[in-house]
Amino acid sequence: MSEKVKTIAEVVKTVPDGSHIALGGFAIARNSISVAHELIRQQKKNLTLSQSVVGLETDLLVGAGQVKRLIMGGGSLDRFGPVHCVNRAREASREFAHDYSSLSITFRYLAGSLGISFIPIKCLLASEILERLEAGSAAEDVRRMKCPFTGEEYLLMRALNPDVSFIHVQIADRDGNCQIDGPTWSNEVQVKAGNRIVVVTEELVPTEVIRRNPERTIIPGHRVEAVIHQPFGGHPTGVFGCYDYDAEHLKLYVNHSKRAETFPEYVKNYILGTKDHWEYLEKVGGAKRMSELKAVQIQGY
Amino acid sequence: MSEKVKTIAEVVKTVPDGSHIALGGFAIARNSISVAHELIRQQKKNLTLSQSVVGLETDLLVGAGQVKRLIMGGGSLDRFGPVHCVNRAREASREFAHDYSSLSITFRYLAGSLGISFIPIKCLLASEILERLEAGSAAEDVRRMKCPFTGEEYLLMRALNPDVSFIHVQIADRDGNCQIDGPTWSNEVQVKAGNRIVVVTEELVPTEVIRRNPERTIIPGHRVEAVIHQPFGGHPTGVFGCYDYDAEHLKLYVNHSKRAETFPEYVKNYILGTKDHWEYLEKVGGAKRMSELKAVQIQGY
Amino acid sequence: MPDVMPEAQVRATEIMAAAGARELHDGEVAVVGIGLPQVTAMLARRTHAPTLTTLLEIGVINMDPKDTPVGLADSRSFYRATCWSGFLDIMGMNLHRGVVDVGFLGALEIDRYGNINTTLLKEESGKIRYFNGSAGGNDVASLAKRVMMILRHDKRKLLNAVAHLTSPGFVGGKSRQELGLRGGGPHRVITDKAVLGFDSDTRSATLLSLHPGIQLDDVLASTGFPLQTPKQIPLTPLPTAEELRLLREEIDPNRVYIT
Amino acid sequence: MPDVMPEAQVRATEIMAAAGARELHDGEVAVVGIGLPQVTAMLARRTHAPTLTTLLEIGVINMDPKDTPVGLADSRSFYRATCWSGFLDIMGMNLHRGVVDVGFLGALEIDRYGNINTTLLKEESGKIRYFNGSAGGNDVASLAKRVMMILRHDKRKLLNAVAHLTSPGFVGGKSRQELGLRGGGPHRVITDKAVLGFDSDTRSATLLSLHPGIQLDDVLASTGFPLQTPKQIPLTPLPTAEELRLLREEIDPNRVYIT
């Protein structure tokens, strides 16, 4: 097998403009920050992003103007604030975002991960969410139907299959076998629905470590195209068992993101102004700050 | 919460004749033998059994004449032989079994576990399996349909929701939180599709043990109606990490099961002739035999 | 410490938490969010509902945090769980499966039929401002057996028509069956002034109790839709001394949510 | 030990395993059963296809057993796996997802179009005898990119019409697309006498090679359907000395499957 361990820059170079990308974060947890930054450095354009619950990584890409279409279930930065950039983009164009719910996006990924092109659900019915989807460009992704067995009314949704799914994990081996610590929200189906799968890992471990707990392997290596080893790759979001979210930096981020005029300054200082994630980490406090954020083992944060 | 820890006899008493039961075994692995035996002792009648891959537990119940309908994907006793009793019953009546495949039964459980009443699949098409289903009493459970989004032809199947799902696990706590060691075939969806869920566990552990590896909890306690603590409850099938299958007893079983005339003798000697699973274990070799079968920790068998 | 505190010393959020907790029964399954819903569930677990099961959409069952989380995505809310899974298990194999008794939802706006808006607001200028959207809100509203709403009592939040119907209640006063929805729909609205329920015939919001010290006129003036009111209006019970102790000393000692 | 063994010393099962292994390419994903398919995959992994991924339907990826399992359900086949999951992952999120390159299937009967019967046999008396049924067989036949069949060469097993079409090949000589099936369908039939392929036009079984020492007449007499045969019939290569060493000393030292 060709070597799968690559740098973020190498991998992002292979992502064409206009791709449909699914990032694996949730609000301020386990975001693919290192990937979002590199997508910005390489100025990828006209991206479609899909996600059950969007967070910082997606707010960054939308704020940087690289996203054409957002397929989302919802999102926030928890108590640190809303996803201001995403919300501004939704305000600017009613067609920018296809709003669903957490479960309906997850079901669309489930269908994609199983290779079935549609799936029924009992959500979104009798809501303005569905009315809007049916009235806009998402109309081709939804259909109402009665169950042929029970006669119950359902919404059928088209499977979601991202061109590239990214996931940030605690440990992976060189073949791409990866294991996650903590809850996994929609990660398994979001990733397995992807036509290409890229894993960013905090720790690169020998396969022997994987074999010790094979039931924890959430994505098997044969599905994985590339493995990126990037410690603190999720900063400033938290990675359970590795490090806590960086409250100070999240506040700083929101202070920039809440106004369109101040956001570019954040991108300039912390992303375009740094050549890679290591330089970014230095800029936000380096080893000292990372050590402060490092998780206490028993509690995981 | 009322005490969930019960005896097998107590729980089986609450299962009405004619129930649809799903047992959690696969061929000669992790079978709910203690449950099958008690269903026989209490002479439960007209049962419907569903299972992705049937094994010893189901062969026993069919051989004892307590099963009216079997919904199956396939089955065997691995190299020890076929499921003779099941095969004889299929030979006696073409309507006895609804034959599917492993994945199609698993998808029907998946739909049941998610609370969707139907699910599409790309299997069984262009096969005599489907022709037979459509021609018989299973016709009401299958429909052909084109995907409204892609136009691709699919088979729609009705969700499976057993009245009671049983599962045999390595560890569970008194609330029913349970964790499985080794592969889980269709256990998660088979159990979560059940309207009632009963867990039989080799070890009853404090909840603190569950909290140590919450990602391994395959069935959360709030779904579980009853917890039965029955060491060696899977004998003569194997339970990974606990004990190996009992090759000698499996051969003895097949020597009885291969002919209709000799099978009742097995039921009489080992099931009706024993008042509970402890007495059964004595009959098949007691502590000495169980110690021989006990797994070597590192290898799990 | 007297068995019931003089109301002056009791915060509205404490009354809300106690009122919410009383709606949760032992052995039930609840989907909760971080904030007052989680505080409410914790209070119920530590008083009359020790076996209440709490589900977090993100994939956490029976969290037992020792530090106060800032949200669902905070590792603090994963602590000492009995199960870590994900949306497919929590929202699919539990909520969509039909085993969730109670769902707690916050709201930007609600109307008399318990329809919820968490997506956008229309400013006087006509400008539309977007917020978080549904996340699990529509799923919970569609599927939970009972939906409990917790929000500030303000006539710009409780109004005749929501700016966007994100999560359905009794849309247009219709029954859930007519709407093709499985869940039982709106059950309670717990505000900082009162507890509302829904009339079984009209399916419209009705006043169940006033918090101690709150006047009916105040509530009516703060409610943007016509509110059915009984002749005799009971008072929302104050939290017991033990409930207050739990809230203040154990559940939210840093007053992150009990503000 | 010479590089190629004199054929007299080579068992048919060893030739079958080596022939099967040659059909597996490095980096591919194969659904295997226990027995010759697993032996074949192991041989490929230890020779030219070190990164071949093996999937067991039950939920085991890249098993590395140190003791010979008696079947899928034998704990010995769980040993040292890189992933333990289940049907939904292996057969759903891999096979149905379309990422499985090769599927191995055994059979009671097959016909010229690679249709497989694993369900029942009709005896001369007319009595029907049932066997294991499909299990994952129909799923693999429907969805894998290439299907490899391994069975004993016997005209009662390779015949004009199977007693029950459990798993579809090129049904009635139709294309997979016409049949509404995703997988590529039948690719090879490996028997104890020969290796068969399928004609790209007629989609009917064709003789690709004879095992050393086997006569064409023998194969034709043992085949219950008309078999397309080329003018020049190549010999199936014998296993190399290293392949034999691996099979005999490492992969199946107790001769459980190499019989």
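Labels A, B, C and D are assigned to the chains in the order they are written; within every chain, residues are numbered from 1.
Methods note: a residue touches a chain if its C-beta (ideal position, glycine included) is under 8 Å from a C-beta of that chain, and two chains touch if they have at least 3 such contacts.
Because the structure is a prediction, the values reported are computed rather than measured.
Least step count on the touch graph, subunit B to subunit D: 1. Of the two chain pairs shown, A-C and B-C, the one joined by more C-beta contacts is A-C. Chain centres here are Cα means. That of subunit A falls 29 Å from that of subunit C. For the pair subunit A and subunit D, the distance between mean C-alpha positions equals 41 Å. Note: centroid distance subunit A to subunit B, computed from Cα atoms, is 38 Å.
For subunit D, the set of residues touching two or more other chains reads 81, 84-85, 88, 92, 96, 182. Residues of subunit A found to touch two or more other chains are 115-116, 121-122, 152, 182, 215. Here the chains touching each other pair up as A-B, A-C, A-D, B-C, B-D.
Considering their complex, residues 26-27, 29, 50-51, 53, 61, 80-85, 88, 92-94, 96-99, 182 of subunit D touch subunit A.
Of all residues in subunit A, only 115-122, 140-141, 143, 145, 147-150, 152, 154, 156, 158, 180-182, 215-216 touch subunit B in the complex they form.
Residues 26-29, 52-53, 55, 72-76, 78-80, 82-83, 86-88, 90-91, 99-104, 106-107, 110, 121-129, 152-153, 182-189, 237-238, 240, 244-245, 247, 295, 299-301 of subunit B are the ones touching subunit D in the complex.
Listing the residues of subunit B that touch subunit C in their complex gives 1, 113-116, 175, 177, 192, 207, 210-211, 214-215, 217, 220-223. By the touch criterion stated above, subunit C contacts subunit A in their complex at residues 34, 56-60, 66-67, 70-76, 78-79, 81, 84-88, 91-92, 95-96, 118-120, 127-139, 142-143, 164-168, 171, 179-182.
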